[in-house]
Every structure is written in structure tokens, then in C-alpha cells.
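Written below as C-alpha cells is the structure these notes are about.
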Amino acid sequence: MAHVHSLKVRYAECDMQGHAFNSHYLTWFDVAHTEMIRAVFGRYEDIVAAGVEFVVAEANVRYRAPARFDEDIDIHVLPREPGETSLTTDFEVRRGEDLLAEGWIRHVCVDATTFAKTPWPDELRSAFGEVSGTA
Amino acid sequence: MAHVHSLKVRYAECDMQGHAFNSHYLTWFDVAHTEMIRAVFGRYEDIVAAGVEFVVAEANVRYRAPARFDEDIDIHVLPREPGETSLTTDFEVRRGEDLLAEGWIRHVCVDATTFAKTPWPDELRSAFGEVSGTA
Amino acid sequence: MAHVHSLKVRYAECDMQGHAFNSHYLTWFDVAHTEMIRAVFGRYEDIVAAGVEFVVAEANVRYRAPARFDEDIDIHVLPREPGETSLTTDFEVRRGEDLLAEGWIRHVCVDATTFAKTPWPDELRSAFGEVSGTA
Amino acid sequence: MAHVHSLKVRYAECDMQGHAFNSHYLTWFDVAHTEMIRAVFGRYEDIVAAGVEFVVAEANVRYRAPARFDEDIDIHVLPREPGETSLTTDFEVRRGEDLLAEGWIRHVCVDATTFAKTPWPDELRSAFGEVSGTA
């Protein structure tokens, strides 16, 4: 089951069309991803301290309806089955029942010092499975 | 042939990993798209004044190597053949010969007042063709 | 008594020094100001719908200690006695008992259509007093 | 004489009022400050590599008239006489002859490793004087 993170659209995030500007959805995905990690594993800094980092390899967002200033939105976060060194996570942006946007981010696990690709630590791998219900 | 817009990575755009944060690439794509439009047609505000706006329907970025603070990067912008109301534009982020990222944005043409989908005006359609070399 | 709005520092807000970049404090002040207005009056959009807007005339931030990624911070918001058309609001950024930054923003009340200076509506004026305890 | 850095206001920087949002001025000041340093001394990274960093201790902006999307603006940067460990720099944002905003940033020189206050290196101190004409 997806982890859900709620936030309120900031005035500074909205453009002259009165809509949240498209790039901010990726920032929201990042915030919600951090909270998903916290819910099943712990703080992102503890992962870094343990020697690995997440790097974004690819991102996709499909915008279906605008999010507007001051609206309360829910970001649903659902990791797929992780690969050896990669993990694709699906996101939905909802306002109540309405789907405003959906997308995904493919992260790669890298060594926190060398930034070379490295396999996901077992504890992280099983934490992802805990959210997605595959663990 | 792609339109090229150059910019320098800002300190405020770089994160604790020392890399430009992923969401800023979409802002760069937007800046470069505005410049492509200017090169073949004119100012974005004149398009709005003429009654239509661009809305982002989908965006994709594939990050290949990090862009760092103070680096000079080139954003290559190449519109594909436009549809009736949509236009997909390809982007490449290059530092010299190195490809740092590539992606695309699918815009939809909307009425500037009602935000309802509307066909691309002929002048815009032929301007896109001028960049892509299909006009 | 100050209105307090809590938020968590986003990864995208932190720079290569590992600190929240200085410009984001003004965005946080804006978010917290919106929440202060909501607490004593209502939604910012309802103010705009009623015919006036807030415009920022001057801003000041004194940075005392860095805010870092993932930290929970509290923004304290305390409007001073409003002038005819202006209002200065004091802000403090605290992490628990620690004062990380303090500052103020001077807003001006403008007509939502012409953007000309206009006196604060009485309901807003008394709402500000309600927060500051001068009403 | 002030160092001048020119930039074009980005769509993503403009809010629902059609104006550049107030926090972005601090990002522009930072960009222009980096260019001033480059003009008289060299790259900011070389300063860090040499062992010191700039930290922002206080910032002030007075907004006089809005900057709008796609406008070409000039940021004028003029350092004052540096203190032992601090430096206040004045900024003006101009569109042609029009003054849109003015402000200042007080930086403190810190050790790049410990982030403890440290005196400005002599080469930087004389570089500041070169811009301000006091050297």
C-alpha cells in the first residue's frame, strides 16, 4: 500500500497561470520519498551515514489537472520491486479523490563517498518491500 | 537543427551532493523553450496576448551525469512534428561535448482564457517546423 | 502572542554547505504569514476576492545558525501595529529553543485590480491586532 | 564602480500577481555576487579550495517596483569596506534606468572546514577594494 504524504501548495510555487509550476512536482516527489523512507526505515541521513546515497537517474511526470495555491494535496508513494542497484517508485498527486498528476522516479543506489553504483543494502531492500507489500 | 540556450548553474540550484537538484532541469527546459520560441516566433507574452498558452502535460528527464555549480551548460531544444493540439519537444543538457541529461516535454495548446485545448495557431505551427527543419 | 507554523526543511532547499539556502527563509516567512492570516481571518484567496492584496515592500533576515535538511523548525509570526496601508510583521525561525534566524517583512495593502496602495480593510486590521494582542 | 550582472526573469520565478516572487531577489543577489567575485578574483570554488567560505549573516531587500517575466534586468553589486571577518555588499536591481529594488547582504568569512569565523584573506580583501574603488 502506498505511503501518503500531505502538503499544502505554497504561493511561491504557483505561476502566472495560477497553477503550481511543473518543476515543483519533482520537489514534492522528493519530499514524499524521504517520508516514505522514514516510515519504513529511518532518516535519510542515517542511510548516508551508513554509506550509500540515492541518485535520481530518471523522472517522469504526467500532469492531468492543475494544483493551485493553498490546496491540500496528498502524494502517494509506492516503490516497485527493486533491481540490483536501481529502484523505480510510483507517485500520484491527489486532491481528495481527484488525480492531479502521476509519475515515477528511478533512483540508483551509489556509494556515498565514490558515487559509484552499488547494490541496495539488504535492510533498505526489505524496507521497500514493506511499503509495496512484496516483502 | 536544435536551438541552443546556454546558462550557468546557480549555487542555489545545487544540493548537498554538490549536484544541481533534479527539479531544476525542468526549470531550465522551460527557460530554453521560451528562448526557442523567441528565436523563431517572438515573445511568449505575445502568444498569450494573441489568445493561447502552453500547458505542460508530461515531462521526462533522464539524468546521465551531474551538472555542478558554476558550470556552463547548453540546453539543446528540438520540437518534434506538432500534433493538432500537442507538441513534444526534446531537450539535451550538454557541458561541452558531454551529455549530462536528456528529456522531453509534451505541451498542450490551450485557450488563454478558458484553458480548454485548442489547435496550435498556424504561425506557431510553422515556427516549430522552422526549428525542427520540417517546415 | 506569535502565531507558530512548523515545517520540515526540504532536501531541495539545502545547498552545498549543507544548510538551507538563504532565499528559502523568505519563502518560509511567506508560508507562515499565510497561516497566520488563516488563523485569525481566513484564506488569502478570500482577501483577494474581497478586493485587496498584500505586496512585499521590504524584507530583512538575520541568519544566526544554519537550518539543516530534515530538521523540524518553527516559524513564529507576530504582526506589529499596522499603519494606514502598511504592516510590518516579525518572524523568528526556531529549532526547539534555538533561534536560527529572525527577520521582518513590511507588506503594503494594494487594490487587487489596480495594485495601487489602499488602506487595510477594518476586518483585516482587527485580525492583525488579534494576533499581536493589541486588539 | 559597481560590477553589473544581467539576467532575464524566468517564468518559474513569477507568481500569481505576475511579479517575480520576493525570495528570488536573494538568489539573484547571490548569482551577481558570484560574478563580482569572478571579475576581480576568480571562481568561488577556488576560494573554497583555498580554505574559506562566505556565509550569509544578514540580508535586506527593498522592493520598489515589480520585475516581470522575460524582462532583462541588471544587478549592480558594490562591496563596502570589509571588516575583519565581515563584508557588506550593496545591490541594486535595475531595468534600464528604473530602480526595481535595492538591498544589501552581510557575509561573514568562515573556515571552509570548521565554519568558524576567520579574517578575510588579503587577496580577497584587496579584490573587494578593487570593485569598490577603495583599493
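Just so it is clear, A, B, C and D label the chains in written order, and each chain counts residues from 1 on its own.
Operating definition for what follows: a residue touches a chain if its C-beta (ideal position, glycine included) is under 8 Å from a C-beta of that chain, and two chains touch if they have at least 3 such contacts.
For clarity, every value in this text was computed on a predicted model and none was experimentally measured.
Asks: Taking CA centroids for every chain, report which one is farthest away from chain D.
Replies: A
Asks: Using the stated contact rule, I'd like to know whether B-D or C-D comes out ahead in C-beta pair count.
Replies: C-D
Asks: Averaging over Cα atoms per chain, report the distance between chain C and chain D in Å.
Replies: About 24 Å separates the centre of chain C from that of chain D.
Asks: Starting from the mean Cα coordinates of chain B and chain C, work out the distance between those two points in Å.
Replies: Taking the mean C-alpha position of each chain, the two centres sit 34 Å apart.
Asks: Please compute the C-alpha centroid of chain B, do the same for chain D, then give the distance between them in whole Å.
Replies: Averaging C-alpha atoms per chain gives centres 28 Å apart.
Asks: Where in chain D do residues touch two or more other chains at once?
Replies: In chain D, the residues touching two or more other chains are 11-12, 21, 23, 27, 30, 69.
Asks: Can you list the chain B residues touching chain D in their complex?
Replies: Of all residues in chain B, those touching chain D are 10-12, 27, 30-31, 34, 43-45, 69-70.
Asks: So in the complex, the part of chain D that touches chain A is made up of which residues?
Replies: 11-12, 14-16, 18, 21, 23, 69
Asks: Which residues of chain D touch chain C once you look at their complex with the stated criterion?
Replies: Interface residues on chain D, with respect to chain C: 17, 21-27, 30, 53, 55-63, 115.
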